[in-house]
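Here subunit A shows up in two complexes: once beside subunit B, once beside subunit C.
What follows is the complex of A and B.
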């Protein structure tokens, strides 16, 4: 829906701003010009005023109500110009320049003749000052919209570590990153995306650390984006990722400034999008799914164990239902006798085949999870009670579903939450493996695993192999992957990202 | 076109891997009847086999219940019997978890190979199933008695056999080992014997003693004590006890020694052109019980006890070897295998007539028992004067 054909888009954007590239001498005519552009927009405010001593100073401010800080406009623009001593301050020269240099108290004032710039700035909350007799205008920064305060990110909580999270304002987000990396080599480059929304985005990287190849490729992909609107970084994430049809991410997103700073320090590149508290980082490798910020703040042993648990969790979450189905329907000889007896007792008298039970319970869990996420918080409790007690307990009691399947689905669901970043990946894979197990037992599961490994090995993220370092026992390749070694033993930036300056401790080379 | 044909070829190969694999036996667990044990008898009236299986009957529900159930069916062959059985039970009999196979004396006397072939060839049955010989009239009685501890008698028998390593009164034998024993020319097979005994006014199976085979035919049984001596020779004792008189005045009191560790070494030696088997037994034991107040703990008493225990062991082992040589003439000890391994040259000469050689083989036993401690008491209990 958001896409338009290329030529269609051109006519669209042109029609928006035809013949408005020039201001005239007359303020009134200029006001009419703006009024035409902002026709039917009731937040558009025009305020004409004139200094009573200096009649030439007949001005007009144009801004959008709610976007601009009216107090700043009053005190820093209107008041000085209306002030009694304006006449003494202004010499006979260029009034516009004089106003800019001597009168207006604002940190960012720009002279512009381009009406497109003015309109764009006004939309962003700046104020345009039109002066009688000039075909140019001043754009004064008065951005003053309300933002959410910096909060603890909901999706990525930590016990140990900084608690601030990104907000919806681009500039605040950039400041959060800047505050972590106080170095002039940290570069921020703006871009504007979204033909209608004209959303500001910012590419950040550390010069001399980030790979130029990746940066070039990123800029190319960003420039190729043709879309009407960008309401969240998710739009961009999807549009610039490798393996676009895959359920796996090749671009990471995070709400945490410390995470972004860490990634930047490794030589990765971040994309901050205005209006979204989620910042993208890339390249992204498969193993990062199992990483959490806290791993770097806790001691390395604990971090390594946690990572291993997350991996085991993902394995359990994806494969356990399939393994159960294949053991229970194909390979009964592999189940220890007492366990077989209790499974047999539990299955006794249940109406559905094991595979149907497993798929049903899998769906049930996903439904409960989805409901739990969307529900208003106070009702969430009800969902848990209904789901766990009534559906689970009663289903076993009534012998609709056998108990082992309920246990397995519960385990599967819980372990999936160990690696929340995976999103749809385990759900899809679980179903695929269930189907394979139902058809061919463990043989099918092995088939699926082989296919999965081939698929994972094939993916690239910005030219970096997705499974980089898998199978390598080189100390440098594994020191921050499935385990995290102590900082002392991690003297280098990762090879794939930081190409030039790899010494992360900035020591002299031995 | 070329691309398409490549894709087609790939799909063909993949499809083949699916259809040519051997895993197509989809079956739900609750449709299976679990077989816990098998008993094989010979029909008394005609030349048919009687196959008895002990199945686990599971009643599901809130509190599931397990009950033992036996089915006996006749057939010309064992497979025939198995086939006839499924027409009775309705559900599929699942043999993969069967733990024991009990052979009746008649079947064993006629030749174990006839039935063992089916046990081994059956794809579901495992090679580590325990094989026993019933000393009772039939084999099926054993499975029909009902167990004392467990609901399922076969599982209990299996546990008893697995415990044998620590008790040493029956030679535990899994199917694969039995087959390898039967195939070897230098050792004769033995199987554990199971009989019915009355315990607390219930008749329960008890695993004790050894069934002695010659080739694949049953020739006789050894009792529990003889079995321990047999296991001593075979170096399979890892526990159990020795009971004898402590020695000293009036032959002393009865003492039980608990065996901790034992290593037996067989050494074929040639003496004057004659082969002789030396059996070196090194045992570490502890005093577990002194039925009296003699002091067997201090050094003189202990040495005396050790010596008397050694003598007892030596005598009983020699007796056993003599008995087997004369009564059964079947090399169940594995002397032949030892000669074959240590002296392949000698074996080449005498291997073909090992039966005669074994009958007259001279055996010398050298036990060496070390008493390590005296359990929780360091003194005998003295009666006050």
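What follows is the complex of A and C.
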């Protein structure tokens, strides 16, 4: 059914684009043409007017209310044409060209005979100026819709570092990136995606740094996208990623311009989508899950330690319940005796086997987390109180669940929040490892880890191996992966995502 | 056909992990008792010439694996018949290694879990890895190698309190005979098993010579093997080494530091599982490559699952019990493997050299 729907949409929009007649000489006929296109659209505005001195200069502006800046239309288009002495100013040449050169006060004016362009521009907030006697029209840039002010991004806060975040407007986002990298080699290429929404997206990269192979592959994948609407960059992120069924991302998203600028300097490519404050960068490697922007602004030792903690956190959040289950059920001899005694005392009288307890508590934590995420802040606190105090405490006191499991799942949940970018990955893995531990104890976990290594090794992000740089102790590779070396030892951003030689690029620049 | 490439470093790691395989845990040359470390040294020396033969063959025919070489040297029909030997051998070897793991987990770690379960898991992992390709295997070994070395290092630090150097004496009490005998064991299991890498190293990026990769692997293994054997003897004593099936495991299980670090034999078992996995995967890979070359298949990937399951099944029905396994591994295997490891490669090399000298074969074809 989905496919049929898509086909219908396609034919609809195709007919929209082809079944249109051309502009005629008469303004009234042209207005009728536009009215037919924008039939039933009440935001469509038509304003006819004429110059005081030159009666032949009969014009009409066409725009969409709300998308265009009416003040700009009044002051820069209507007023000069209406009030100026065009008889003196304009020689009897081409009125359209003369208007463009001498009268209209706007930085971006284009002449067009293509009605599709005019409709598209009008939808985007531009104004179309029709002139009596001409089959062409002027498209004048008057975009002026409201946007959210530039704010600190909620999800990626930093203590140290720039506090601006992307907004929903493509142009503003591009300017935020451009302001970080003032170099003519920074390229922006527009594309339009989404058969119905016609969302504008922009591919940015630094020429000479970004790998052409990756860029080509990205453009190929973008061109292959067939979807009716794109409302957020998440759509594109999912459509262009490698390993589509994997819980791991191979395309990153961020709200921070400094992050994007850093990635561009590393030779990566960014995709900005209109209407979304989340900018995609690719290729995305596994180690980047553990990176934060602040790592680059704080001193390198602190950054490296934080990164290591994030990795340990991910490790704990994935493996701890499984390790507990296997220790408690298979390898009691490994637990030091006092600890074993207190664990068995806590387990005394609880009805469920350890594995059931662990799965139940993990499940409970995920429910609480999901509830807390979407709650308004004041209610969120209630969730915390009910979840932590009442459910957790009471469950232990009533001997439903043993205390160690509650500790373990609490620890698991908290450490999972160290690397929020992972999303579903640790949740799924935790269950897999719990199952393996239940089957074969620590040996099951070892089998699982080997499988995990194979799985991670298999994935490529745009031809770049996902695990590039990990597991190797080469000096060059480790610069900005598990640790971050001081900047004076790393004068250029590391370049594992791209293949070209940075030094030559840098020399060329100078 | 081989678009996938492994770097020479990955090749060395892969080779080393393969050699560490299951045998370090079954003990190098247990029959030599307190002289096992000498046997390990002698065995390594014995492996030097045979590894020269493997490397020589590979560098004569660059970019070709053993099955291509057989085809070129022996012709189409005879080459395929000999290739059967190199399909059977890795299949059997892989099954033996899987069985080692099964027996290990069954006798030592988890007596109540059916042996088939871990064996199936191992088979599944290997199938997965081989499906992913030899390049993935190489990259995996790059991660696994440091893990194995670090675990060895830490356990060595932890057994320091248990060192008893008197265990080394007397040196060669029974004369050179048993030492040479055990050295031969070590030569055939695992050192000369690297004959299988003649089917893997065709994927090697040849920026360094093949000799160097082969000999670095041998050197690293010899260092690890001799040191660990020495450690085993010093901690456990020669008699115990000869008496238990998994001496390394027994040794580490004695560690108890401050009532807190105790019974950490799982760490050793981890390296056991990892290196076993690498060994099984290499065996499975070679078998599948062989079968696909034999029948002219486009890709070996279509037969990995079947072959892998066959390997697990073979492992399951191979021995009656663990004594059977130890008997086969230490008494029969060395002679059984001789044709695959020494006789055939020597014959291939001799014929190849003769045919190249007489101009029948261009050397270094398909560089």
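What we mean here is this: the second predicted complex is superposed on the first by the 481 of 510 C-alpha atoms of A that agree within 3 Å, B and C clash if a C-alpha of one lies under 4 Å from a C-alpha of the other, contacts with A are read in each partner's own complex, and residues count from 1 in each chain.
In this text, a residue touches a chain if its C-beta (ideal position, glycine included) is under 8 Å from a C-beta of that chain, and two chains touch if they have at least 3 such contacts.
Please read all numbers here as calculations on a predicted model, not as lab measurements.
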Combined model on subunit A where subunit B meets subunit C, clash or fit: clash
Looking at the overlay, does A:354 come into contact with subunit B only (first), subunit C only (second), both, or neither? first
Looking at the overlay, does A:467 come into contact with subunit B only (first), subunit C only (second), both, or neither? second
Would you sort A:443 into first (subunit B), second (subunit C), both or neither based on which partner it touches? both
Could you say whether A:329 touches subunit B, subunit C, both of them, or neither, answering first, second, both or neither? first
Which partner does A:453 contact after superposing on A: first (subunit B), second (subunit C), both, neither? second
With the two complexes superposed on chain A, say which partner A:24 touches: subunit B (first), subunit C (second), both, or neither. neither
Looking at A:337 after the superposition, I want to know if it touches subunit B, subunit C, both of them or none. Which is it: first, second, both, neither? both
Which one of 1-9, 109-117 or 163-171 is the stretch of subunit C that crashes into subunit B? 109-117
Overlap of the subunit B and subunit C interfaces on subunit A comprises residues 330, 333, 337, 439-443, 447
Residue set of subunit A touching subunit B in the complex reads 328-330, 332-333, 337, 340-350, 353-354, 397, 399, 439-443, 447
Complex contact set, residues of subunit B against subunit A: 17-18, 21, 23, 25-30, 32, 34, 56, 58-62, 64, 66, 94, 96-97, 99, 124, 126, 155
Under the touch definition given earlier, write down the residues of subunit A that touch subunit C in their complex. 330-331, 333-334, 336-337, 439-444, 446-447, 450-451, 453-454, 457-458, 465, 467, 470-473
In the complex with subunit A, residue positions of subunit C that touch it: 105, 109-110, 113, 117-118, 121-122, 125, 128-129, 132, 136, 139-140, 142-144, 146, 259-260, 262-264, 266, 269-270, 273-274, 277
